[in-house]
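Notes follow once the structure below has been shown.
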Amino acid sequence: MIKVGIVGGTGYTGVELLRILADHPQADVRCITSRSEAGVRVADMYPNLRGHYELAFSEPDNRELAACDLVFFATPHGVAMEAVPELLAAGTRVVDLSADFRIRDLDVWARWYGMPHTSPEWAEKAVYGLPEVAREQVREARLVANPGCYPTAVQLGFLPLLENDLVDTSRLIADAKSGASGGGRQGKIPMLHGEVGESFKAYGASGHRHLPEIRQGLTDAAGSAVGVTFVPHLIPMVRGIEATLYAQLNNPSDFDRLQALFEERFRDEPFVDVMPFGSHPETRSVRGANLCRMALHRQEDSNMVIVSSVIDNLVKGAAGQAVQNMNIMFGLDERMGMASPALLP
Amino acid sequence: MIKVGIVGGTGYTGVELLRILADHPQADVRCITSRSEAGVRVADMYPNLRGHYELAFSEPDNRELAACDLVFFATPHGVAMEAVPELLAAGTRVVDLSADFRIRDLDVWARWYGMPHTSPEWAEKAVYGLPEVAREQVREARLVANPGCYPTAVQLGFLPLLENDLVDTSRLIADAKSGASGGGRQGKIPMLHGEVGESFKAYGASGHRHLPEIRQGLTDAAGSAVGVTFVPHLIPMVRGIEATLYAQLNNPSDFDRLQALFEERFRDEPFVDVMPFGSHPETRSVRGANLCRMALHRQEDSNMVIVSSVIDNLVKGAAGQAVQNMNIMFGLDERMGMASPALLP
Amino acid sequence: MIKVGIVGGTGYTGVELLRILADHPQADVRCITSRSEAGVRVADMYPNLRGHYELAFSEPDNRELAACDLVFFATPHGVAMEAVPELLAAGTRVVDLSADFRIRDLDVWARWYGMPHTSPEWAEKAVYGLPEVAREQVREARLVANPGCYPTAVQLGFLPLLENDLVDTSRLIADAKSGASGGGRQGKIPMLHGEVGESFKAYGASGHRHLPEIRQGLTDAAGSAVGVTFVPHLIPMVRGIEATLYAQLNNPSDFDRLQALFEERFRDEPFVDVMPFGSHPETRSVRGANLCRMALHRQEDSNMVIVSSVIDNLVKGAAGQAVQNMNIMFGLDERMGMASPALLP
Amino acid sequence: MIKVGIVGGTGYTGVELLRILADHPQADVRCITSRSEAGVRVADMYPNLRGHYELAFSEPDNRELAACDLVFFATPHGVAMEAVPELLAAGTRVVDLSADFRIRDLDVWARWYGMPHTSPEWAEKAVYGLPEVAREQVREARLVANPGCYPTAVQLGFLPLLENDLVDTSRLIADAKSGASGGGRQGKIPMLHGEVGESFKAYGASGHRHLPEIRQGLTDAAGSAVGVTFVPHLIPMVRGIEATLYAQLNNPSDFDRLQALFEERFRDEPFVDVMPFGSHPETRSVRGANLCRMALHRQEDSNMVIVSSVIDNLVKGAAGQAVQNMNIMFGLDERMGMASPALLP
């Protein structure tokens, strides 16, 4: 039984961790911290957990956390990099769902997140936890930087193209759309139902924090610097990300082997599903499930590869991927606790 | 391992049965029939089931169905009453999710469903499968009539009041609201997103087919004829029912013991959750879960008991309750396959 | 040309006033105040107003406001009662869209709004501006208390029954549902899309501030104290209120004349539409329009009158009714500026 | 007063024409035809029109239509090309909202619409009615082909770039998203609320009928063949299109003058609004309004021009643009009947 702690569990990522771990046969959530909600039972804050947890939020207490085998950080950026070194020193392993350890270039990190990085040593040791790329490193990792939601959907869809050097990497385009839960659970006017409901818009089109993370991942996959344009959009719904990816094929004849290549790339991946060529993945087909589902398209007289990739932003884009990383780190079946079908309709 | 068949599985109830049974350790879905979709793999129709089922829809074949231990009927009304007798004769047990066997008074049935009932003998033997009322009869039942979605939410909320003779039963009011999946998966203009989206309305306010079913259940609970007004409404969302129930207390002082009485009534029920007095159950707190969650309210200077009761119309209101009935019929843990928390947010 | 001022125009009611007045041939919005947004152009905050207004929000300035013929208050409760007396003294007329002057019994007001009332003299003189009841008083009013959204939908639907003494007034029930814009435009977690989206719930079921306002209005209509239960619900949509009203008919034979009576009651009302008996008004049928649309229902063997009444909470439930009152106060055609059909779909 | 006829008015485009024309001071709708709904009052089908129209749907009757000054066709493709020649011969002018006369290359048309074109002579004479491009030709046109919804949003956003030869036209990308009303008002399962609600997906990614129309328009603007990839997506909402457009700038220094160039291009356009650089247009900011609102973006170290362009698919994308064309054809103020602000929130 893995003793699990969660820091900062009052947001949507926190409740999602609790939901997934409630079913997990090898995880025992020992503590969940929240300064603002200390003393409140998690089931009182999230009634879907009634009958599943007696646990209450507690004040952060490093001794208690250090007694855990694994601590998830579901905190705003800037928190984990302060707290993590002490826990790691105590032998606790950490999966950080925030952005603190995702970017290797700390100047880039500091510029996008508006503060200097205070734990450069661990930023270097952290493993970027996209299991489809770094499963072996995750297995041994002390500190896993859990990928962002958009970066997960975008990287997985581009990977086979970049790893095989098939496309013009100077003009990659990722047009991504997310449900409103991606905006978090703070009382901000732009995320009100009255603002988001029955409307659609791009946001962060001049630059979003996930852009450097996407660029880093795609550059790693391509083996050289890439040019990528990333525009996120806000969908009037709660859960789900769809990313439509565009890349120009270097050699038109490669179109014939793309489908096989994608299927081969992800054949052994438990949480990536390549649909038949020309399919249209729906976000609801992965709702609540730790899954990236994708499909390829080609338009007549065109060498533009189109990939449509969907995830549940709170699962494969956050809490589910974190549990997947936990399963890998502790030598468990990677699917453990996440074998159920998505909730459709 | 229970050999399971499903008749008419292309609708929302069908895919929900498959979703729940995919996780069920004691159920093996052997066949699922659909005349219109015969030959289509269920996972091609419902991509959330990719990786969970290889099964394809098949032409209805009574030999194949009769070889099952249990057959679920997820068909429009009028189908089960024709097909069920032969299966029952062959020893197969049946849970009918349609309305065919819910109403004991077949004249009433015929009037509301617009056709004569063709299986009066089985209508008499069928057990109305609201486990919270008829668990023991369900255990032995050959044929279970699975309750309607609205009737489940409404009856459970009224039960403790009626069973204890606490309220004026001549003027019960159930104001109920449902997501659009309750309207089924047929190509009907009134159920288009363009019609349902971003709008709200009552429907069936002059009389809805669930009214006689509700009246029958409440009359049984009260022990004498009740007067009940039932108005359903359509919510611009997919899943979920909320029913607000109104009943005038006979003796104002009883207000003090209502909460305890409700908690006591459902203390051993695995799928009914009474929240603290004055709570507001949200439909999302039961999304995807086989659960009826409810709470009581009183307004100042008033003896009107207010109960707010929520279910997922496709789960506790249909497929989940059907699996609950299966679990009871086959002596399994009633929670089997349905222990996960609801999907919130 | 009526010189118009708006106090507190940054909320949904404020932008709605601006939208309606943009088309109004006899109103000229001279100033709109907001402490927090002073200096911001209204069209920068609300892009739908680009090209319609050059106006910017300004610091509240009583001289500027007093130079207006009419000032709308679209402020939280407690603001208007402080500011209004000085303006009224200066000869400016006021339509207050907040709750400050709606309740005549100031002890009741103080209890529900959690503060003492500071302008009892004007509370007495204020006219409750439901034009269908008080058109003549509105015409001469110096200060109009614009009704709340729920109270508008509920009162209009009950009026003909109460005015004609047709129903048991001891157990009136109003089950009402509103879109999320009714919750205002403040950064509150419960109103996030992530909280409201794809879910439904009752709220304020133990007591909502609109209850005493509804009770007062219904008591006036009935001529004696009424017992009314009012439960509001939150719909996952932006605009619209539906209220389903229940009242037991004293004399069953009156059912035959109800439709005619409702039609007669509202025959000359420009903004009330009685649909044919048995219709189901949709909130979208009044979206953006200053209209209350309603229909009557009866269920078999029942003497319960059911009225379904819909409004757009921001129009007939707030800004539209305020402009209607302005039109009446200034002797204009009551429809002026509000003659367009609702936006459907 | 223009005598107006509408053919095929039962769909969303039809009701939207009626909504807009209800307010139009110079248009008099004389007849609206529908074989299936003949005899039904339009206000009975679309209750938002109650009090605005006494008109009923009628059987198509060429004499009646030929007595009109202008006939709008709001029919499925294939209808107008059969019916229009006779009306035009009778001197009636026509605005066709269907696709019949949008594509000049009739082989292309036949391939995408699956039938031969039966009126090649009028296909040649028809004016493609995007007023921002062809206002003068529209003025004199006998037959206007009203542009498709996606093509309107996409062309307007690309126009200034192509007309000024600023971008690489071989790899234009238009990632577009639409609300469900764009799918029409037929009883089709994929457009049910249960299918569309709370989900998001691409569709037609391998080829959509609006692709050749977009390609034709962009080629005209560029003056030579363009390569364009167009992927539409379905948003879980009713109205609105957002198109995010991507084009690589030939000369990076041109970025500095793009904003001025866009503003200049549309300075005199009553229905195009260029927002400040870096803005994010929301679909709700044009809801119900005949407006295309757009903004430009640049990401760091990138020469990719990003344009976000929004319209209401039923207004500027269909009925509103049709009325705009009518206004131009009849020498009226182009804004007539469409001066109101959009409905936000």
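For reference, chains read A, B, C and D in written order, and residue numbers begin at 1 within each chain.
Please note the rule applied: a contact is a pair of C-beta atoms (placed from the backbone, for glycine too) under 8 Å apart; a residue touches a chain by one contact, two chains touch by 3 or more.
As the structure is a prediction and not an experimental result, all values here were calculated from the model.
At the far end from subunit B, in terms of centres built from Cα atoms, lies D. A count of C-beta contacts for the chain pairs A-C and A-D puts A-D on top. The centroid of the Cα atoms in subunit A and the matching centroid in subunit C are 45 Å apart.
Averaging C-alpha coordinates per chain places the centre of subunit A 38 Å away from that of subunit D. In subunit B, 12, 181, 194-195, 197-198, 236-239, 281-282, 284, 287, 345 are the positions where the chain touches two or more neighbouring chains simultaneously.
Within the complex, the subunit B residues that touch subunit C are 171, 173, 175, 177, 179, 194-195, 197-203, 205-207, 211, 227, 229-231, 233, 235-240, 242, 244, 246, 248, 278, 280-284, 287, 297-302, 304, 306, 308, 310, 345. The residues of subunit A lying in touch with subunit B in their complex are 12, 15, 18-19, 22-23, 46-52, 181, 197-198, 238-239, 273, 275, 279, 281-282, 284-289, 293, 314, 339-345.
Across the interface of their complex, subunit A is touched by residues 12, 180-181, 183-189, 191-198, 236-238 of subunit C.
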